[in-house]
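Here it is, the structure in full.
For clarity, chains are labelled A, B, C and D in written order, and residue numbers in each chain start from 1.
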Amino acid sequence: MILASVPDLRAAAKKRLPRFLFEYIDGGSYAEATLRRNVADLAELPLRQRVLRDVSALDLSTELFGQKSALPLALAPIGLAGLNARRGECQAVRAAEKAGVPFTLSTVGACTIGEVAAAASKPFWFQLYMIRDRAFMKDLLAKARAAGCSTLVFTVDMPVPGARYRDYHTGLAGSGGLKGAVWRAAQAAMRPGWAWDVGLNGRPHTLGNVAPVLQGKTGIEDFFAWMRHNFDPSINWRDLDFIRAEWDGPLVIKGILDPEDAKEAAELGADGLVVSNHGGRQLDGVLSSARALPPIAEAVGDRLTVLADGGIRSGLDVVRMLALGAKGVLLGRAWAWALGAAGEAGVTRMLAIIEAEMRIAMALTGCTRIADIDRSILATTPGLAAP
Amino acid sequence: MILASVPDLRAAAKKRLPRFLFEYIDGGSYAEATLRRNVADLAELPLRQRVLRDVSALDLSTELFGQKSALPLALAPIGLAGLNARRGECQAVRAAEKAGVPFTLSTVGACTIGEVAAAASKPFWFQLYMIRDRAFMKDLLAKARAAGCSTLVFTVDMPVPGARYRDYHTGLAGSGGLKGAVWRAAQAAMRPGWAWDVGLNGRPHTLGNVAPVLQGKTGIEDFFAWMRHNFDPSINWRDLDFIRAEWDGPLVIKGILDPEDAKEAAELGADGLVVSNHGGRQLDGVLSSARALPPIAEAVGDRLTVLADGGIRSGLDVVRMLALGAKGVLLGRAWAWALGAAGEAGVTRMLAIIEAEMRIAMALTGCTRIADIDRSILATTPGLAAP
Amino acid sequence: MILASVPDLRAAAKKRLPRFLFEYIDGGSYAEATLRRNVADLAELPLRQRVLRDVSALDLSTELFGQKSALPLALAPIGLAGLNARRGECQAVRAAEKAGVPFTLSTVGACTIGEVAAAASKPFWFQLYMIRDRAFMKDLLAKARAAGCSTLVFTVDMPVPGARYRDYHTGLAGSGGLKGAVWRAAQAAMRPGWAWDVGLNGRPHTLGNVAPVLQGKTGIEDFFAWMRHNFDPSINWRDLDFIRAEWDGPLVIKGILDPEDAKEAAELGADGLVVSNHGGRQLDGVLSSARALPPIAEAVGDRLTVLADGGIRSGLDVVRMLALGAKGVLLGRAWAWALGAAGEAGVTRMLAIIEAEMRIAMALTGCTRIADIDRSILATTPGLAAP
Amino acid sequence: MILASVPDLRAAAKKRLPRFLFEYIDGGSYAEATLRRNVADLAELPLRQRVLRDVSALDLSTELFGQKSALPLALAPIGLAGLNARRGECQAVRAAEKAGVPFTLSTVGACTIGEVAAAASKPFWFQLYMIRDRAFMKDLLAKARAAGCSTLVFTVDMPVPGARYRDYHTGLAGSGGLKGAVWRAAQAAMRPGWAWDVGLNGRPHTLGNVAPVLQGKTGIEDFFAWMRHNFDPSINWRDLDFIRAEWDGPLVIKGILDPEDAKEAAELGADGLVVSNHGGRQLDGVLSSARALPPIAEAVGDRLTVLADGGIRSGLDVVRMLALGAKGVLLGRAWAWALGAAGEAGVTRMLAIIEAEMRIAMALTGCTRIADIDRSILATTPGLAAP
């Protein structure tokens, strides 16, 4: 089967990954209403075709936080993504570099900042969660600076972790001890390709950056327990001062869904924000990013760089998000599936697909540059029987 | 399988209960449109995420009719619920007490008021139907008072019982005599766990409170016949005087869907009302409770305590109902499924799930107290392509 | 299986009738959009529950064209219905009489006017199509008068017959000669109950009223050919004069969907009209009757008796149609399925179900008489998040 | 099985054609949202039934670009259509002539202009793509003139070809060389009827008009490669001058979705335009043609002849498009399926079905001539509960 589209990469990942890993990536929280809305609202957004404009020369490049990017996008931070393929984040960062787009390493990635820096040849982005232990945070930031990370993505929508019930059904969560381990091993055994590539040869299976504070506990349940106990629910706007004090590069607040919160972020001097509902993995029931984005872009788009993520499954969706007011987007599951499907080559393929799809969307809406993409390329939907 | 959510508990109940009992709980009346709307309208209601507010200390407690409740909810009256597990209402009342929330015993529960009172250590609520035989009603109320019941829930939406066609398809209704009994026995035989726990060891299989007037008729068809003949269709607002005369504690009218009726209830001095369509089991086609609630809360919310039930399947749904104007909610099928799935432990688990889900919903909408929850935590849904 | 609802009767008919007959009744024309809308629009219409009104005495009777009717409904004209059970129209007319409601015999029924009159003890209604041969029409009207038919239903929405593609897929239409006959015989052979009852003992299998002009051609394809060639597409408003001249009893125009046409009918002195799209069997794509009805009732409801049909599957639906402005309804497929399921007893059962459902709907909307049912028992659906 | 409707013809084509050919015709680009909308929006458009108007004499004929046409439609240009049956375009042009409607030959048809001209006895239409090699274009236009083609359809919505992912899944696209060929051969082997008719006896399997410039490369992948490299993305409004200079007959611009573009086309003197999204095969996510049509007809309907295509699956749909403002329509997949199902006889059957369906739609909306069909035959859909 040819991997021609992002859904194809998803299907391939489903075939290659153990069930608990695939469902972990694929799922959302609670009833998954927001997850579905993210995808559906984008898919429904009508584009406006224009014809007979010379579209022989298209330029898809842009600038994000002072860095040139070949496409108006970055790879989103994905926790545990490194388990999808051998030393996964290292493979992904290489694919991103080749395509000329930024990669974001999650606080809870499988590879350490240092390991990824060694695999990379250009600055990448680093994502940070608010953790009770401020010394640990300082330490992480110091490592990011040392590794030359260019941009800090500070995620604020996880003061407490939402529950993803698929993980309970696969044994990834809620089944501590031997029982869960055996269950997951059985699932892994049904995926020999992965078991060989990652299970045997992809060690260590730790959360690189967090491993030091986990003190030797390496089970997956130790990780979830740590998250539950060490994420800081008292996080508030004043904590931004602490971050600012430790980080002098561009600072991007990730997880904004409300214009009021966006204004606050602008006030406090953030360089950017990501309109995001964490891919439908935190508060289920919130609006899709596509619906949340326009009023936020309207409110603060001139004061900081507004990015968006959630539900993007094609280059058409990237163009839609830009039309709704984003200056760029993050791709989440798209690259995690691609990595699970075919490692670095998969991510490279995914980025090529997205680019090709963007080209068609731009050519047929009559845009030759990213800056041309705005609300005017969205069609208004007149009532069916109205003139 | 881990029972991580209310739908998981439903699935477990389906596996454990004989078909006629599961469908009896699960189903609604006629085409089940209202049943579906109850669930769908809540699930669709968009929440508004807020970030970077200190949510480290959440208080979920509230006061209902002068009683402190650990959560803003009570277990709804469910007829026949006691058949879902051995002496089911006794197990449920214990789970409710442990979680610090009120339990409501139905007029047509399997256990008598006295049996439940013996199992309980705190006051519970009692639900009453309007019955032709006023002497029998007085007697029930006297028993409730004697048992120390704190609150009377007077259900007014069943002047005549609606038909639930699933019950005809399982043989619970419409198949009198031997044929129906054999049919149900066959279904029970396929559920040996239940057959042992309830069928053999859960006797007597009577409707505790009603048994005296059934005069030895214990068949399920006798019960339905009694309901058809003894529920009082002439019930009207003046009957409230009769109730008031016999009951001096808090009086809650259950089954209000219209603001006009709500005003009447307020006028006549009820202490509370439950916006309810009987879980989609009476007049099919009426609005979901979620849609009916706001105008009612608007009309009488300052004069009496407005509760609501119908379609609540998660803690997020509880928060939604509060946002729509309810001061508290009743959980119906949620506890009946939980009881069928795992007895008292199931109900305890269900309440823990609901609480955990409420915590996430409050933390991520930025509410630290129940009183903070109001319409402002609901997102408005702008048109997709509008700015 | 207990036949508890109209859908149950449909399922039973599907089991008992040969496929070509069942699909003939069940299907609609072209893509069946209107057929689906008829059912869906009614099912969606929200009712408004009221409580604590004395509903111990309900009166469901009404008057239709000077005749008392126990329920505000009549059985609709159904061509070929007589094939669903032995001498089907005779069985149906008896069930209708017992229930105290009018029966309508179709021009193209299986039994003649005379045969039905012999089975009946009270006047029934007769339905007429516009046929090229005016002498034949006069003759039919004379027979109807002679048989004491009380009301003439003149169907105007079939100037040309719409195509029902299910009939082509079952071999009922389009497969002339031996091939079609063999095909249908095979389907009949799979339904031995019907084959015995109707196939062997239900002869003659002619279209009673039309048989004379078919001149001995008794094949089903002869009938369709006759319809195609003898229905009169030149039918227009002036033809009503012809009918009026031949018929001095109440005249009801069936098949009106537009207020302009309704006004014309009123102008020309019709006594009633039926808002109908022929059960979704003529012009697919037109509005459901439920949507077409209100503006028509508004326009002419005070000048003639407005009836409606299409998509009624329960007593709740009957009440909905009345609430939308109809003075009474016709039941189409409901009785055809019932007849196919269990003959006269099936139709009796169906009418009992409809009545029981109407009682619940009236009791819980607080109506004690048919005349109480109006638009005020429909709920308005406020937006989900609006106060 | 009787082929009674267009969906029946589609089903028959699915049975007869190798999978890669069927999916090639059937599919759309990317997520196929526009493909679904084309069909759904038409199907949903409510018609307005009128009764008792004399509809015994219907005239379905019209004039398109100076030519009389028996029906207000033409067969759309379909690339590769000739592979659906032996020398497919020759069969289709004969069926079109018999029915008295124009046939359009695609630039990338299987038969050459000359071969089709030899099979035809009347002028047909020719469709042209913008190709980098202007000399080649001139040559094609010269051949079209020489063959007596009456109308030139200039397609402007393919400056770059959109991706249709079904083609990747069947091996038609993306699998170059032996692998793809073997894969397709296997699919063909499962359709012996087609393999004999077209595979063996339908040679040559070239793209007639394009073969000369493909220089002996006859593989299907050579064709797609040629399209990717030779379609001209610099195409713009000034290129119309070039076409005008080479072609003095009627010129129709195909692929307009926006009123602004339509005005430009009118300004530059086109004789007609086709509101089209290429059957949902180019920019996925654009409006359905049914929704795009009214504002375009409004804007330029008096200055040039507005046609429309996309999603038409019945004669009812043809009437709907006319009601929305089109003077005529193109049928795309309808004839390609019909050709695949039964060759010339299939196309003849399809046109007979469309005509019969148009007759019913006209008779029951009360239109006797094509010119009668306008917006007044569309029903307005009042809210369900509004008067």
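The definition used in the following text is that a contact is a pair of C-beta atoms (placed from the backbone, for glycine too) under 8 Å apart; a residue touches a chain by one contact, two chains touch by 3 or more.
The UniProt protein names, listed by chain, are A, B, C, D = FMN-dependent L-lactate dehydrogenase LldD.
In this text the structure is predicted, and so the values were computed from the model without any measurement.
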| item | value |
| --- | --- |
| Distance-maximising chain from subunit B - centres being C-alpha averages | D |
| Chain copies touching (subunit B, subunit C) - same or different residues, decided at half shared | different |
| Rounded Å distance between subunit A and subunit C, as computed from the means of their C-alpha atoms | 59 |
| Between subunit A and subunit B, centroid-to-centroid distance (C-alpha), Å | 42 |
| Residues within subunit B bordering two or more other chains | 44-46, 379, 381 |
| Pairwise touch network: line, ring, star, complete, or other | ring |
| Pairs of chains satisfying the touch condition | A-B, A-D, B-C, C-D |
| Touch list for subunit D against partner subunit C, complex | 1-2, 4-5, 8, 43-56, 313-314, 316, 320, 356-357, 359-361, 363-365, 379, 381-382, 384-387 |
| Partner subunit C, residues of subunit B touching it in the complex | 30-31, 33, 41, 44-46, 156-157, 159-160, 162-163, 165, 168-169, 174-175, 232-237, 239-240, 255-258, 260-261, 264, 277, 282-287, 290-292, 294-295, 298, 375, 378-381 |
